[in-house]
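Below: a set of structures, written as structure tokens.
Next come two complexes built around subunit A: one with subunit B, the other with subunit C.
Here is the complex of A and B:
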């Protein structure tokens, strides 16, 4: 056994809170999108011709969700008993939460893309 | 005791007698209503919600009778308005949500192998609040005073007192009262799922029903409070003429729509997910195998919960919001189809992989999925904004929502009724009557609601009391009316089946041969919930763990006795269900019922403008709550630890983050903070809607000075409270008491300074939405500061009475949680009212 430094996904604690990280990022992005559109339309009467703020927010949200998914993907593969991970052991509990987080990251990623799509097609405040 | 000792039948009998005596229900005509055990409260709750469902169903039949033929005069337009408003409001607030709480209170302790949920008296309080509020709201129709503005009560129709009478107040205040009971249930259920699981039941072994209940209870915390905030603004406008929704004085009726639908759309999933949760229990039982894709169900539940908060504007597609805003909500509305479909596919896959027994509950499950899928598909249609512009406010929407709610909520509950009836009563319902009822319901629902799609597209608007023959929709409407009576006949057959149940013989224990813990129950005779609290090693312990039922019954697991004559259950850790402590549970008491009656007085007297009586009720409520807390909570145990079997000793007292009380406070304050954010949303919403907000005349009100004083004092109170907690923990009791006293002073001064801002700058709340919302935020925060002072005073009194010590310090730890949230509220309020006008 080498004495290497544990990797990021090994150091991060898995809890019920980590499960909701990806959908919380979706919620944050959604709220941001809604406020961005509502405030720019109400106060400026339009959104900027190139909505860089929106693009930046969306890219950040997607990257963070992908990161959460990447961590979860590795954590779901920590060695242990064979699937279906339904024993009362610490590693099965960990892999279960990690797998659920991974699935939620997938859903959140798609949902952020859904939210971002309208900006490709709609350009004004009508 | 060890495994060995439990071999002695004499010991077991003595243990059983002690348990039986401790958990015995109070007897007697009046005393039995003081019961707090979940099997009693859950049963009352379920029956009451079922009764309200029948009542609201009769209202629907009256409507369908009126609409059976064109230009009918069976009821008048005014009565018809009351019928549809009360039908929708009752089905949502008095049936669907309470039914979820009722079933969860009934089943959850069994599913988790707990003796009861952590706060049985809170459940009882929730029930009595629900009963009182429900009778108040539904009874109004007999006095021709029922609400008549539609179940979403849009202003200005409903806020103008010349257009709507008492009904609007009855809706607002009666249902606010019931929302209190929903939040109470949410607290109870979340803490129950997180802290009262049996040892070994880690998160990955939790029954899926418990996952759904956890998710739905958390949704309630974020969905109901915006409506409570809306109710506050609404009643301020109706009773005090503060113009939040009056466009002529700077208000905006759309604010109500936002607040209502931030509640209203998650609400749909709040009533849908717990019903689907019943499928997650019965599908594996009748497929005779473990559920496939357990993490996928968790994905579906959690994913749906989140996405459901991004859908509310799809009820507002025709309000003229910018298209880009509509598109965001349209996108989220389409995305929510993904997790919803995932769980349906999981059930299909489980059935496919198993050997299915086509029992009556399975028939209901399959039939309701078919109906639900049709509703889901029309949902995808109306989520597309341009289609919705055509279908909005027509019978197409009526058809859509009834397909979703009948397929997604009502029919699954009937499946659950047939599945769980033996668990509750010990008797099975009739397969024959059940199947007859199913086909009547299935045909009735389709015959009622399918034609409505067409009548809606033909141009029939919602909420009209009649229609002309020339529209050419009379045949469709007649079909709908016939269908409604066929559906009602199905419900009647179910009622008959239930009525015949007491005459039937007892069924075997676990008659469906299910694998989950709830089937350990002894219906009818034992109230203790579970004989001994098991060690869980599988998702389906009855199937997988050898000799499981016998070991539980012989008390070979934990806590098989009640030596001290107390009601007890085990508290475990959130992630891994490691045993942490034994807690003593509340026993039967009048206090929950009396507190509910006192609180009901506040709402009911306010409805009739009897403000002095309402104030008296408010003071009584406070006194009741304090009495209840003083005599029933955070009791210092007679010793530190007690053995629970297998050589394990557990503490009898907990404080801080591991204890249920701390979690309950934290969860309650999450709901409170959400309501507050609804009010803050109102402030900034007005700002986006107006060129000049604050208006020029009030550009420097309430000024910077008073809000900043209030903010500083609020933060000071918070710091004092934290220091008091730390001093107390270190044994410096005198210092802690002095700090508590200072904190009380700082709280009261902060509240007074907060109100001084708008007061000294002469802001007249009736004149414009700006002073009205500033006043509301200030009063909200000042009231919270006053409650903070009362809580600090309570902790001080406990300390002086010797009921709170450095070792036993739950009170001050819980009060500090309140103080964290109070500090947050204070900072946000006064930074907004004091600084925002200066920078905007």
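Here is the complex of A and C:
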């Protein structure tokens, strides 16, 4: 055993709250998309040729979801009891929540991409 | 294969090529039908695949499927597969949702929904507008821009064989850009409940070859469209005050309250797509429009002598 400093994903506490981070980011991005589209249509009547604000918001949402997924992936791999990880031990709880967070991060990542795609194809406000 | 699928879908539609999204005559409706066929075939393949898997899983002996194998199946067929399929579908469908582009010189047709008929105005670039009602003619192969609005309540404009529907909202003009591909006689309807006779609010759509359309437009714009041969009918029309609401080009009647009756004789239907435009039907409609169209704004003329109603009907029918 070495006395190395624990890594970031080991230092972070895992609670039920971390589970809702990816879906919340998706919901925030969804709201942001609607507001951005409504304001663009009201002020300019169309989407910009390169909608930098929208791209920036989407990239930030994707990066944060990827980060949450990365943390969850590492935490899900912390060794502990044998499968199926359903005992009421600390490590099982950790791995269960981490795995759930990882799956939600995947879903949220895809959902943010789907929300953003129409802007690539649709340019006007009709 | 596609033709076969389209033909069988047509059969399902009861062979109603007149008013059906399964019998398209415009570009947008064509794309929608293609998407529908792709979706239907895709759903059939997926459902069959799932059924086969379920059948095999139910028949395999206990222990034949490992826990790990099952989890892999869930991951690939339950998460990754659907995500990929939905992505492909989205990439396929989004370009089809892109509104067609229009150039400044394209023919514009303004259509206003009113309880329970359609006010139509052709606005060809650089030429004087032409007013009509309850019948829309479009040139095949040319881009047409519909400017859609309403005067009383919300209506919705839908020509199923041509394009998707578009709401008509009072105080707002919505744009629908279309391009017809096939000449023929079709039908459009109101698809937003707008009152008692909502279901009786339709219109004929005539897709014409461009040269025929130009000839028709030029002909329809002639100043004297009045039926001067029928002096008796014209007198009855004027005496009963029909001209207080209706207009007929080339006569003194130019009111804008009710449908424009110019060239009534060439219309395919009476009362916004609901009746055959015979003299008997027209006379009956004049005397009691609510019998055919509950809630219509036109007052009933029950006290009008049937002979007068018939004279007016004959006069209208004679409008070129």
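Operating definition for what follows: the second predicted complex is superposed on the first by the 126 of 126 C-alpha atoms of A that agree within 3 Å, B and C clash if a C-alpha of one lies under 4 Å from a C-alpha of the other, contacts with A are read in each partner's own complex, and residues count from 1 in each chain.
One rule holds for everything that comes next: a contact is a pair of C-beta atoms (placed from the backbone, for glycine too) under 8 Å apart; a residue touches a chain by one contact, two chains touch by 3 or more.
Here the structure is a predicted model, which is why all the values come from computation and not from measurement.
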item: Fit or clash - subunit C, subunit B, common subunit A; value: fit
item: Which superposed partner A:37 touches (first subunit B, second subunit C, both, neither); value: first
item: Contacts of A:97 with subunit B and subunit C, given as first, second, both or neither; value: first
item: Which superposed partner A:4 touches (first subunit B, second subunit C, both, neither); value: neither
item: Touching partner for A:117 - first (subunit B), second (subunit C), both, neither; value: both
item: Winner by number of subunit A residues touched, once subunit B and subunit C are compared; value: B
item: Once both complexes are placed on the shared chain, angle at subunit A toward subunit B and subunit C, C-alpha, multiple of 10 degrees; value: 70
item: Nearest Cα pair across subunit B and subunit C, whole Å; value: 5
item: Contact residues common to both interfaces of subunit A (with subunit B and with subunit C); value: 103, 110, 114, 117-118, 121-122, 126
item: Residue numbers on subunit A that touch subunit B, as the complex places them; value: 15-16, 19-20, 23-24, 26-27, 30, 33-34, 37-39, 41-43, 47, 84-88, 90, 92-93, 95-97, 99-100, 103-104, 107-108, 110-111, 114-115, 117-119, 121-122, 125-126
item: Residues on subunit B engaged by subunit A in the complex (per definition of touch); value: 194, 200-205, 290, 294-296, 298-299, 302-303, 305-307, 309-310, 322-325, 327-328, 330-332, 334-335, 338-339, 536-539, 574-576, 688-689
item: Residue ranges of subunit C touching subunit A (in the complex, touch as defined); value: 79, 83, 86-87, 90-91, 94-95, 97-99, 174-175
item: Parts of subunit A lying in touch with subunit C, wherever the complex brings them together; value: 103, 106, 110, 113-114, 117-118, 120-124, 126
